[in-house]
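Shared between the two complexes below is chain A, which has chain B as its partner in the first and chain C in the second.
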Partner chain A sequence: MSKQEKCEVLAEILEVEEDEVLEDALLEDFESWDSVAVLSIIAEIQERKGVFMHADDIVKLKTVKDIFDLFD
Partner chain B sequence: MFGRYEGIKISGIESVVPKMIFDNYDYIEGIEDRKTKKQVKLTGIRQRHVLEEKQTISQLATVAANNIINNLLWDRNDIRVLVFVTQTPELSAPSTAMIIQKELKIGTDCFAFDVNLGCAGYISGLEIVGSLIKNTGGKGLLITGDAIWDIPKDKEVGKDALLFGCGVTATAIEIDKASEGIRYSQFTDGSRYDLLYITKGGKTVMDGNAVLLFSMNDVCDAIKETMSKFEIEDSDIDYYVFHQSQKMSVEGIAYECKIPMDKVLISYEEYGNTSSSSIPISICSNISEFSRKKSITLFLCGFGIGLSWNTAIIKISSDAVFPIESI
Partner chain C sequence: MYFEFENKKITGILSVLPEKTFYMEDEIEDPNNKKTIRLKKIIGYGARRRTKATTTVSDMLLFGLNKLIDSGRLKKEDIGAIVVVTLSQDHIIPTVSQIIQGELGLGTDVFCIDIPQACSGFTVGLIESFMLLDKIQDGRKVILCTGDNLNRCPFGAGRKLEHPNFGGDIANITVIENSDRAGRIFCSFFNDGSQREALIIRHGGLRSPMTPQMINRETSSLPFSKIDMDGSSVFNFVQKELPPAIEDICKRANISKEDVDWYLFHQPNRYMLEKLSAAMGVPEEKVPMNLTQELGNSNSGTIPAVITTYVSNEFMRQGLKKCILSGFGAGLTWSSIYMEIGDLDFCENIVSDL
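Right after this comes the complex of A and B.
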């Protein structure tokens, strides 16, 4: 998955423009980082990798980069 | 805590839902809010049954209870315990259970009261009724359900209202010394009450992420510990019935606990989150799955407001399950 694709997917989930999706940005600073966004991430990983995220992995998500790493 | 209620059996489960359907998919077609649209798709709750203006929760409860009394040919004066698990009593006092008792024409030799529990309320109710009738004798009736109207029109309620549906269930419980009883676990953590609560005005306040993590952590731990404690293998269980909060929770729990989804009963798509009724509604709505079997062993798991969560392993005759009635 290219970085561009990651940006597109995450921009859609966070409901922002792609240029706002910076690797070091804190997820809690995005207004739309809520339970629906988390469900969207879980669904995205499930669809791409066929696995369900563990609760511990969800808790560890702090920055945009953390989500990009999950997409790899 | 873990335990076992011996000498009681579940002899019937009835479910009744309002006829009126609120179609979540149709609803999101007509709104702009992207967040709500996404939530409906992700939670998998396609529609919900909701009360009509003049319908009351006690009316549905009376139908469900009358059905089970008639189907089992019970003498209604044998009913010693009537418990209604609800978060939406019709009056501040007395208990709605007393209104239901009146409608059912059950005699005064009966102990009737409400229990304020939510999504973990079914298993708790089984334990309460089961333990009481072992002392009182006679028969016990457990009724569950919350009143849910066409609430998304009320903007104060918010998008989470689209998760909840209305359904009332009645479960018949009897003394039976030959029964395997109910093996259970029961947990409560009031220190986290503020993750999910209902205000005096009836508004549901929920930290969705925290509640999702609770379902993936504490609830999964309870399921695994129950299996281990009672030395249960997956092959001992015919079906798993989890509280139907939404698609991701149900699938997430199954994945984490290594439970095959083809053994997990689902009802959220058609009925939504019906709170304390979600477990019996999932059983009744899947009656065609097990109607050919003589008896079924079910692994139940409730979780939600409190926070509270529990598990139970029950064995019931497939004849004890009745199809859902819409009124």
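Right after this comes the complex of A and C.
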């Protein structure tokens, strides 16, 4: 998954423009960083990698890069 | 556990709705809360039906049964068994099926049984009904009654909700009988009780009775049933267990996924059903998925409500349809059935004043 694709996916989940999805941005600073976003990320990872993640493991992540790393 | 049946068919389904619709925007404290708006848009919630605070599921079922009897679509003497699948009992005892037998004035030889099941309630109720029909010797029918009205909100009535609630109050009557011309039916049932805490109504049973504080009209905003749910565990459970379980039942029935006309699923929310369809590789057109945002999630009542709300025309007059029915949720349990449904005598929603 290219960095551009990751940006597109996360921008859609967080309901922001792609240029706002910077690797060092803090997740808690996004207004849409909530349980709906976490569930969307779980679904995305399951669809792309066939891996089932629990919300607890995603909620504790800090930055956009942490999410990008999950997509790899 | 797997079950197979033959010579059994569904002959009619009726869903009873309360007359009042509640919209999320009106029910919730802060309708402009961004998360609420996102829940509505992404997960898919909007409207639901709720009964009056004094209504019980037995009231709704009797309303429907009397309509069927009065219109000649069901004869009292044809009823051999009443199977009720609900969590909304009138009392601890007697059971809802016993109340219905008494209120309808049915013969004392009618078999009555209640089954407390939630999301898998319809498929479990069908399996139980098929087993009864295997043994009923005199040609009488089984009446499967499903649905809940846990959302009637007896406590804190009139208060706005802090969080959106997606439960809906619906009751359904499904008539099932023996028939020489019916196709073979394939059923499966699985349960993983070690995950039971992922979906739990914790209070109200003997393990944790309701406290005076919970039932105080002034201080409590608890609906009758506050559900604790580990959302991601339930989501993962559905995505993990359902696709192989459905593949499995198709294989047993010797039918391809493409040949199935309708996938009639329990309705947790649209989002989960979209993801489930994608994981199974079946087109969304074959998976009705809007019930929870239009009428609400009524536990054992969702699958029959999906049939009467979205596919009633097809099921009334367009021949037999190949159907997969799947219930999944509290338990955690998942249960699937392959059967043909069609040419029904009745298949509709009726609105009650309850």
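A few remarks follow.
Keep in mind that, in the parts below, the second predicted complex is superposed on the first by the 68 of 72 C-alpha atoms of A that agree within 3 Å, B and C clash if a C-alpha of one lies under 4 Å from a C-alpha of the other, contacts with A are read in each partner's own complex, and residues count from 1 in each chain.
The criterion applied here is as follows: a contact is a pair of C-beta atoms (placed from the backbone, for glycine too) under 8 Å apart; a residue touches a chain by one contact, two chains touch by 3 or more.
Keep in mind the model is a prediction, meaning the values are calculated, not measured.
Contact with both chain B and chain C is seen for A:Ile42 once the two complexes are overlaid on the shared chain. Residue contacts after overlaying the shared chain place A:Ala25 against neither chain B nor chain C. In the superposed model, A:Asp34 lies in contact with both chain B and chain C. Once the two complexes are laid over each other on the shared chain, residue contacts for A:Val16 go to neither chain B nor chain C. The residues of chain A shared by its contacts with chain B and with chain C are 15, 32, 34-36, 38-40, 42-43, 46, 52-55. Chain B makes touch with chain A in their complex at residues 34-35, 38-39, 42-43, 207-209, 211-213, 216-217, 220, 248, 251-252, 255-256. Taken together, the chain C residues at the contact with chain A in this complex read 34-35, 38-39, 42-43, 230-233, 235-236, 239-240, 271, 275, 278-279.
Partner chain C is touched in their complex by these residues of chain A: 15, 31-32, 34-36, 38-40, 42-43, 46-47, 52-56.
Across the complex, chain A meets chain B through its residues 15, 32, 34-36, 38-40, 42-43, 46, 51-55, 58-59.
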